[in-house]
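Each chain carries a letter (A, B, C, D and E) given by its place in the written order, and its residues are counted from 1.
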Amino acid sequence: MINDKVSQKIVDIIQNFARKHSLWVLAYGTGCGAIEIPPTMTSRYDAERLGVRGAATPRQADVLLITGYLTTKTLKRVIRVYEQMQDPKYVIGFGSCTINGGMYYDSYNTIKALDRYLPVDVYINGCMPRPEAVLEGFAKLQELIQAGKADGARKYKENLDWYRANQKEVIPVWRMPEYNW
Amino acid sequence: MEERKKEIIQTITDHFKDAVSNPYDGNRVDFTIPKQQIPAILFYLKDEMGFNHLSHISCIDWLEDKQFELVYILWSYTDRVKVFVHTRVDREQPVMDNIDMIWRQANTYEREIREMYGIRFAGLEAPEEFLLEDWQGPPPMRRDFDTYAYAMKTFWDRQEARSNAQDVRETIRRRTGEELPDFAKKYSR
Amino acid sequence: MREKATTLYLGPQHPGITGNMMIRLKVKGDTIVQATTEVGYLHRAFEKLAERRNWLQSFTLMCRFCVPEPDPVEESYARAVETLEGREVPERAKYIRVLVLELARIASYMLWYGGQAGSLGLYTIGQWSVGDRNYILDLFEELTGGRVYHMYIWPGGVRRDLPMGFEEKVLKTMDYLEKRLDDYEDLMFDNAIFRKRTIGVGIIDPEKAIEWGVVGPPLRGCGIQHDVRIDEPYEVYDQLDFEVPTEEGCDIWARANVRRREIRQSIRIIRQVIDKMPKGEFYNKIPNPHKWRLPKGDAYVRTEAVRGEVGMYIASDGSEHPRRVHFRGAAYVHAVTLLEDLLVGENVADVSAIMNSLGTCPPEIER
Amino acid sequence: MSFIDLKGTLKPLTALKQFGRKPHTLKEVPFVPLEAADRYRGFHYNDIEKCIGCGNCATICQNQAIDMVPVEGIEGHKGDSGLRPRIDHGRCCWCGLCVDVCPTSSLSLTKDYLYVSDDPDSFLWMPGVDNPDGKERKAFTGTPETSLNDFQRVPMPELEGMERVKSFAEVVLGYNEEQARAEASRCISCGLCTEACPDHMHIPEYINAIARGNDADAVRIIYDNNPLPEMCGKVCTRRCEEVCAIAHRGEPIAIRWLKRYATETARNADIIREIVNPEIKEPNGYKVGIIGAGPSGLTVAYYLALRGFDCTIYEANPKAGGMTMYGIPKYRFPEESLDKQIEYIQKIGVKIHFNTKVGKDIPFKEIYEKYDAVFIGVGFPKPWTLGVEGEDLEGSIQAVNFLYEINNGKQVDVGDKVIVIGGGNVAIDAARVSRRLGAEVTILYRRRVQDMPADWEEIEGAEQEGVHIIPQAIPVKFHGDEKGHVKAVEYLKAEMVPDEKGGRPRPVPIEGSNTIIEATAVLGAIGQQGDYSFLEGVFAERIKIERGRFVVNEKQQTSDPKVFAGGDAANRTADAISAIADGYRAVKGIEEMLVGTGKDV
Amino acid sequence: MEAILQYLWGAVVSFVLAFSVGITYMGLNRKVTARVQNRIGPPWYQNFLDVVKLYSKKTSIHHGTMHHLGPAFLMVSSVLSLLVIPILNGDRFFPNLTFQGDLIFLLYIMTFGPLGMALGAGQTGNPNSAIGVTRGLAQMAGFEIPWVMALVALMIQYKTTSIIDIMNVQVESGKWIMFTSPFAFLAAIMAMFGMFRYSPFDIVGAPSELASGPMSENGGKYLFTMMSSGSVFAFAKLTLYVDLFMGGANNLIELVVKTFLLYMIPVLYGVVNPRYRTEQAVRWFWGWPSFFGLLALIHASIS
C-alpha cells in the first residue's frame, strides 16, 4: 500500500506540510549575519509564527543558516555540522558573501561561493539581510519545500565526490576536530 | 600637561641614552629606541612613570627598508598622556623580546604578531596557532604576501558570468584608436 | 580522590557562546580546571584588506570589525584619519557623532541584556530587549540608511545630515525606552534567582585588573572609574554632563549593574545632545577619494565602546592606501588571557554568563 | 541573602502583566514587505539616460561589485562611454559609496531590499534596466553637498583685470606645485575626455602622474602624441573639458592648466629633451617636405623625424608656429614658450626654411618632386569680409591682420574707440589687445552672449578688462568721415527666433532699430578662409578641394596619394589641437605609405 | 473478553488523548510564553507539526544499542505511568490498570524513563549529554525527596497506596486534598517544578551551556519519541496531580481545565525566572519543598 502512488502522494503532502511549517534552525552564527538573527527570532519579527525555531544541536536541526562569509576554519566545522544534520535538511545562504564572496572577495581566509562546498537552497540578498528579508527567505524555503524542490541534501549525496573535492581544495589539512560525536 | 610631557621626555632621555624623542602635539609622547632596550624602557615607564595601561602593540612591515616596526602604546591613567615607543626589527631575523610578564595581555598581541608577521618572541608561551588554522603560506600580513592573488587562485568565484565587463578607459581607447604607450599604463586607473 | 578531567568543547557551534568562537574546557565534575580560548573562526583579514583599499574604501570595512556595535570602530577610524591629516570636523558633525555613538551604545546594551539574561535562562528579557532594540535600529535606518551597518561616520564628519523631525523621534524613543528599562530591571535585577546566579561569580581581582588590560564595564565593575570619554574626551564629551557609574562587586552582578546604569546615562547624554545640537555644516569634504593621500606618519585614537576602550592605530606611507590599520578590540584582551584565567574554578554553567558579562565579541578579536 | 527572598521571588512575577499587552510583532511581515526608511540603502537604481558611463562607481567599489557593460539602445558618443554599471549582488555591501562618487548623480539606492532566490547566478543586476520601477523608489541619493566629487576648481591665479590692460604680460599665472596637485587630484580618471580631444591625448594618465607628484612622467606622456603641449596648455580650445564627468554638476577639471603646469616644469628645450629622451631611429632614407610650420606641420615633422625620416619645413613667415604664433596675442601665449618648443623640435633634426613662401619663393612642383611625401599644412590665412557698406574705409581692419601686425611687433593705430565684430576667439583676442593699446572696446555679436563660440574664460576675462559686449547686434553700415576714415558703425538690433528644424535660434534683425555708435577703428573677426594659389597647373586639378578645404581620407591623404594635408585647411573644427591631431594621423599615413605597416614586410 | 477489549480500547484512547492534550499544552505553553514576551507566537497546533516533521525525518545516527533504547525507555515509562493513572473519577471507560500499590509502582516507573535515557545518553560519547544526564539525575534526586515525602504523607494519611482510593476519598468527602493536606500539596507542587524542567530548573538541557543536554545527539525519530513521550508524560503527571490533590475530574472538560490551570503554574513561573545551577536547584528542593514535605508527614501522622 505504501508503494501505491496516491497514498505516497498524500503522505508526501502531509510530510511536506509539516516540514514546511516546522523549520528548526541551527543556532550557529557563522558570520556577521548572525546579528540579525536575534531580531528575527524575537518579539518584533517573531519568526516562531512561521514555525521557525532555534535548535541547539545539529542533530535536531533542519535548517543551516550560513550567515555570511565562511572562513576556511569555520567551513571545516560547517561541513561537519551539515553532515551531522538529519535529512531532510536545508541551507540558507545569507547575503552577498555566500553568493560571490561579498566584501571579502580578496581575503585569503574566506571562501567565495558557498554552493561549491555545500548545497544551498535559498539565497537572501543583502549585506546584512534585514529581518524582513530573512523571513522572506524562510517563506521562500517553505514554498520550495511545499513544491518538493528543496532537495539540496539529495544533491549533496549524489555529488558527494565533487563537493568533497572542492572542500579539500580549500581546507589544507583534512583532519576533523578531535571531537567526533 | 605640557610640563608633564617635558618632564617625561627629560626623564626618559636621561635614563635611556638611545631613546630619541619625536615631537608631537596634544597628549602624545613619542620615542624611538633600539629593540634591545624595549623591555627595560617599558618596565621603567610602567613602574616608575605610572604608565600602567598597555593600550596596544602594533606592527608595520616596512618592506622597502627590510624592517619591521613595532609600536607599543601606553597610557597613564593619572597623567592622561599616551606614550608611543617605536622600535625596528630586522626583517630577515625577526626576533624580539617577550614582554608578557610586564602586562599579561601582551601575550595575545604577541601571539597575533607572531602569526601574522612571523616575528619570534623569545620566551613567549602560547599555542602556535592563533587565528589561522593549518596555514601553509608565508605570514599573511607581510607586505610581500598578495592576498588577492592567493584568493583568486584558491577560492572559486562566479567570474564567468561577469566576463563581459569592460573597462571604460579601454572601451574609449579602442573606439578612438588612441595608442597608449606602455609606460603610461601604470597611471591608468 | 582524583577525578579524571573531561574535555568539554564550548563552541564553535554552541548556543551559549557569544559568537563564533570556542573554549576548550577541562572540567572535573562541574568545575573548570583549565580553559583555553580558541579563536580565528571569523578571521577575515580586514587589516590586510585595508592595505589593498584606499583610505576611503577602507572605511566601509570598519563597521564590520565588531558587529553588535559598529559605530565606535567607524568613529575611531574616522578620528584616526582626521588626527593624522589634521582635518577639522564641524561642530554639528561632532554632536551627531556623539548621538550615533550613544544610540549604538544603547542598542548594544539591549543586545547584551538579552545575552546576559539568556545565558542564565531568562529568555523573556531577550525577547523584550532585542525586540525593543529594533526601535533604535529604526532610528539608525532613518538617519544612516542602514539597520546594522551604518557606514555613517566617516573621515571629515558624517555622511548625511539629520533628517527632518529626527530629534523628536529620538526623544520619543528614549521616553519609551526608559519606561521599558523599568520593566527589564524589575524582572532581572530584582530577581532572586538572577542575583543568586551572578553575585560572587566571575570575580576579577581588582589588583590585577589594570595590569591585565581590563577596560570598560568589567573594570568599572571593580570599582575603578576609568572611561575614555572622561580620561581623554573626544568629540564633545567634555561639554556634556554625565556620570560614569562604578560598582564594587567585581562579579557579574557588578558588571551588569554598571551596564544597567550606563544605559540611563546614555539616554541622558542623548537628551543633552539633542538639546545642544548646533546648526551648520555636517561634513568637511575630503578630496577626491581615488587620489586622497594622507601624510606620512601614524596616529592612535581611543574610543569608549560598550566593551571598553577600543583603539585604532593607523600608519600611512604617504600613499592612497593605508600602510597599516590595526584595531585594538576591548574584547581582544578580555576574551583570551582574562577569560582563560577567570574561568578556572568556576562552574561550567556560568561560562556563558561570564562571557556575556565581559562582552566578548569574536569578530572584534579576529578581525 | 536573607533566608527567604520574598520580594525577589514575587517581583519578577509582575512581568506577567505583559501577557495582556498587545504584542508589537509586525504581523504583516513577511507577507507584506515593510516600507524602508526614506534614506534606506537598498537596491541600486541608475538613470540610464543621465548616466555617462564614466565608471567611477566601478572604481570606488572596494568589492569589485560593479562592472561596466554595454547596454542595448545606448550608443557611446563623446562624453558617454556607452557602458552602464551592472551590480553583482554577490559582492555589493550597500555602502553607497558609488552613489556618493557618481558625478552626474544618476546612480542612487532605492527602498527595495527584498530579493530571495535559489539561483546564485540571478544576483547580477543592471540597475535601471532590470528595475525600471526603481525610479519612484529612490531613497539614498547623491547631492552636491554629500558628493565625494570635488566640484570646485582650484582657482587659477591671474592678474587683476585692470592690471592686465597695462601691458602684454601673460594674464594667467599658472598653477604652482601645490595647486596643480590639488587640481589633478580632482580628476576621476574616467577617460571620457580622451574621446573629445581631437588628438586623443592620454589625459587621465598625465593628470594621474601629476597627482602622484611625478611631473616628468606627465611630460613624457604628453609628448607621446602632442609635440606642442605648452601651446596647448595655454591656448587649447579644450573640447576635453566640455565632456568632463565632473562638469555635469561642477567645474570641469582644469585639464589645460594642468598640461601647462606639467610642460612648464621643464624649463627649456634641453630639459624637455632629457625628460622625453626620444629615441630617434636610424635614418631610413625617406624625405618628407612640409609646407607651413603651423601646429600640424610641426607635428608631422616631429614624429616623422623621431621615426627616422628626413623632414624639411617651408614657412612663409620669419617664425614658426603659424596661427599660434601670429594669431594669438602674447598675453595669452608668450613667444618664449613657442620658441622653446620649436627649438626642441629643431634639436631632433627637423630643418625649417623660414621666409620661404611656397608658390612664390619656391614652386610647389619642386617640392613635390624632391620629396617622397608632401604634407600641406597651410591653414586659413585669408579673412572673410563682412560684405557691408563702408568696409573698405580706412580704419576698418581685419582682426587677423591686426593681430599679425601686433605680434610681429608693429604698431597699429586704432584710436580710442574700437568696435570688434564677431564672437569667436579672434574677436575677443582683438578686443583685448585693443584694450591693451588703450582703446575703449565694444564687441558687436549677432547672437546672445551664451552663443558666443569663444571660450567663456576669454569672454569673462574680456569683461573684467572692461570690454563692452553688445549682443544681438548686426552691423549694416560703416560710416566714414570726410577723410575716408571710419567714424561710426550702424547696426540693427536682432531678436532670436527659434529654428523650426530644431537648430540653434537664428537672429532676425528688427526693422528700424538702427543704432549708430562711434568708432575710430572697426575690427572684423568673422572667420578666415584658405589660400590655395600655390597649387598650380596639374596640382590644382589633381588635389581636390571642396568648400575651401582639402578632401582627405582618414589618413589625411589627399586625392594625390603622395600629398597629405592637415590643419585648418583640411578639418572643420579649425583649432590647434585638431591640427595636431591631423598631423599625428598624417604621420601614420605617411609612414604606412612609405615604410609599410610592418605587416606587409 | 469484552473487559479485556475494553481495557485495551481504553488504553489506546487514553494514549491518544494524553498525546494530543499534552502536545496541545506544549503548544499553548509556547503561545502563552510568547504573549508574555510581547509577541504573537506560533499557532497552538505548532507542536503537532513539529512531531510530524520529526517523525518524517530520516534518522541515521548510531551510537550503540543503549542509545537506541534510551528514547524507548522514556516512552515505555510514560505510557506505563499513564496506564496506571486513572483519568476520570469512577469512569468505566478509562479505568486503566488500577491496582493496590499503584502509587508506589508509579513512583518507580516515573524514574525509570530518565534512568534509561541516562544510559542512552551516556553511550553517545557527547560530553554535553553526559553532563546533562548527571545534572538531570542530581536534580531528580533533589525533587524526588519532597515528592516522595508528599506521596508518603498521603499514603499515611489515607492509609492506601491506590490512586483510585485517594480519588474516592475526595469524591466522598467532597473536599480536595489540596485543602485537607496543604503541606503535601505545596511540597508536591514545588516538586512539580523540577519534574517539568521548565525554568528555573531547566539546567538539564540548558541550551546556553549544554546544547540540549541529554537530547544533544537525538534528532528525527528519536526526538519524536522523546517529544511524544514527554507530552504523554506531562499529561499523565498533571492528571496524577488532579487525581491526588484536586479531587479528580468527572468529565474530560473538567480534567482539561484543571490540568491546564495546574500546568500554567510552572510555565508562568518559568517565563519570568532564570535557571538555577544544579547544586542550587538541589539545595532549593531540599529547602522549602522538603520542609513542607516534612510538615506534611508530620501532619499526616498526627491526623
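By definition in this document, a contact is a pair of C-beta atoms (placed from the backbone, for glycine too) under 8 Å apart; a residue touches a chain by one contact, two chains touch by 3 or more.
Keep in mind that what you see is a predicted model, and the values were worked out from it rather than measured.
Q: Which chains, if any, touch chain A and chain D both?
A: B, C, E
Q: Check every other chain and keep only those touching both chain B and chain C; list them.
A: Expected: A, D.
Q: Tell me, please, which chain's centre (mean of its C-alpha atoms) is farthest from the centre of chain B?
A: E
Q: Which one chain sits nearest the middle, judging by mean Cα positions?
A: That would be C.
Q: Centre-to-centre on C-alpha atoms, which chain is most distant from chain C?
A: Computed centres place D farthest from chain C.
Q: How far is the middle of chain B from the middle of chain E, if each middle is the mean of its Cα atoms, in Å?
A: 61
Q: Compute the distance, rounded to whole Å, between the mean C-alpha positions of chain A and chain B.
A: Distance between chain centres: 38 Å.
Q: Report the inter-chain centroid distance for chain C and chain E in whole angstrom, where each centroid is the mean of the CA atoms.
A: Roughly 44 Å separates the two chain centres.
Q: How big is the gap, in whole Å, between where the Cα atoms of chain C centre and where those of chain D centre?
A: 53
Q: What are the residue numbers in chain D that touch two or more other chains?
A: In chain D, 12, 15, 18, 23-25, 59, 62, 88, 90, 93-94, 120, 189, 208, 212 touch at least two other chains.
Q: Can you list the residues of chain E that touch 2 or more other chains?
A: Residues 34, 36-41, 128, 207, 211, 271-273.
Q: Two or more other chains touching the same residue: where does that happen in chain A?
A: Residues 27, 42-46, 49, 54, 56, 58, 73, 99-101, 103, 105-110, 113, 127, 130-131.
Q: Provide the full list of chain pairs in touch.
A: A-B, A-C, A-D, A-E, B-C, B-D, C-D, C-E, D-E
Q: Using the touch definition up top, name the residues of chain C that touch chain D in the complex.
A: 53, 56-58, 60-61, 124, 128, 131, 138, 141-146, 149, 151, 159-160, 163, 183, 186-187, 190-193, 195-196, 283, 285-292
Q: Under the definition above, what is the set of chain E residues touching chain A in their complex?
A: Counting only chain E, the residues touching chain A are 30, 34, 37-43, 46, 49-50, 52-54, 56-61, 63, 124-126, 128, 207, 211-212, 215-220, 223.
Q: If you look only at chain C, which of its residues touch chain E in the complex?
A: 6-9, 14-16, 27, 30, 117-124, 127-128, 131, 187, 191, 193-194, 196-197, 347-352
Q: Given the complex with chain A, which residues does chain D contribute to the contact?
A: 23-26, 29-31, 33-34, 62-65, 88-94, 113-120, 123
Q: In their complex, what parts of chain E are in touch with chain D?
A: 32, 34-41, 268-269, 271-273, 288
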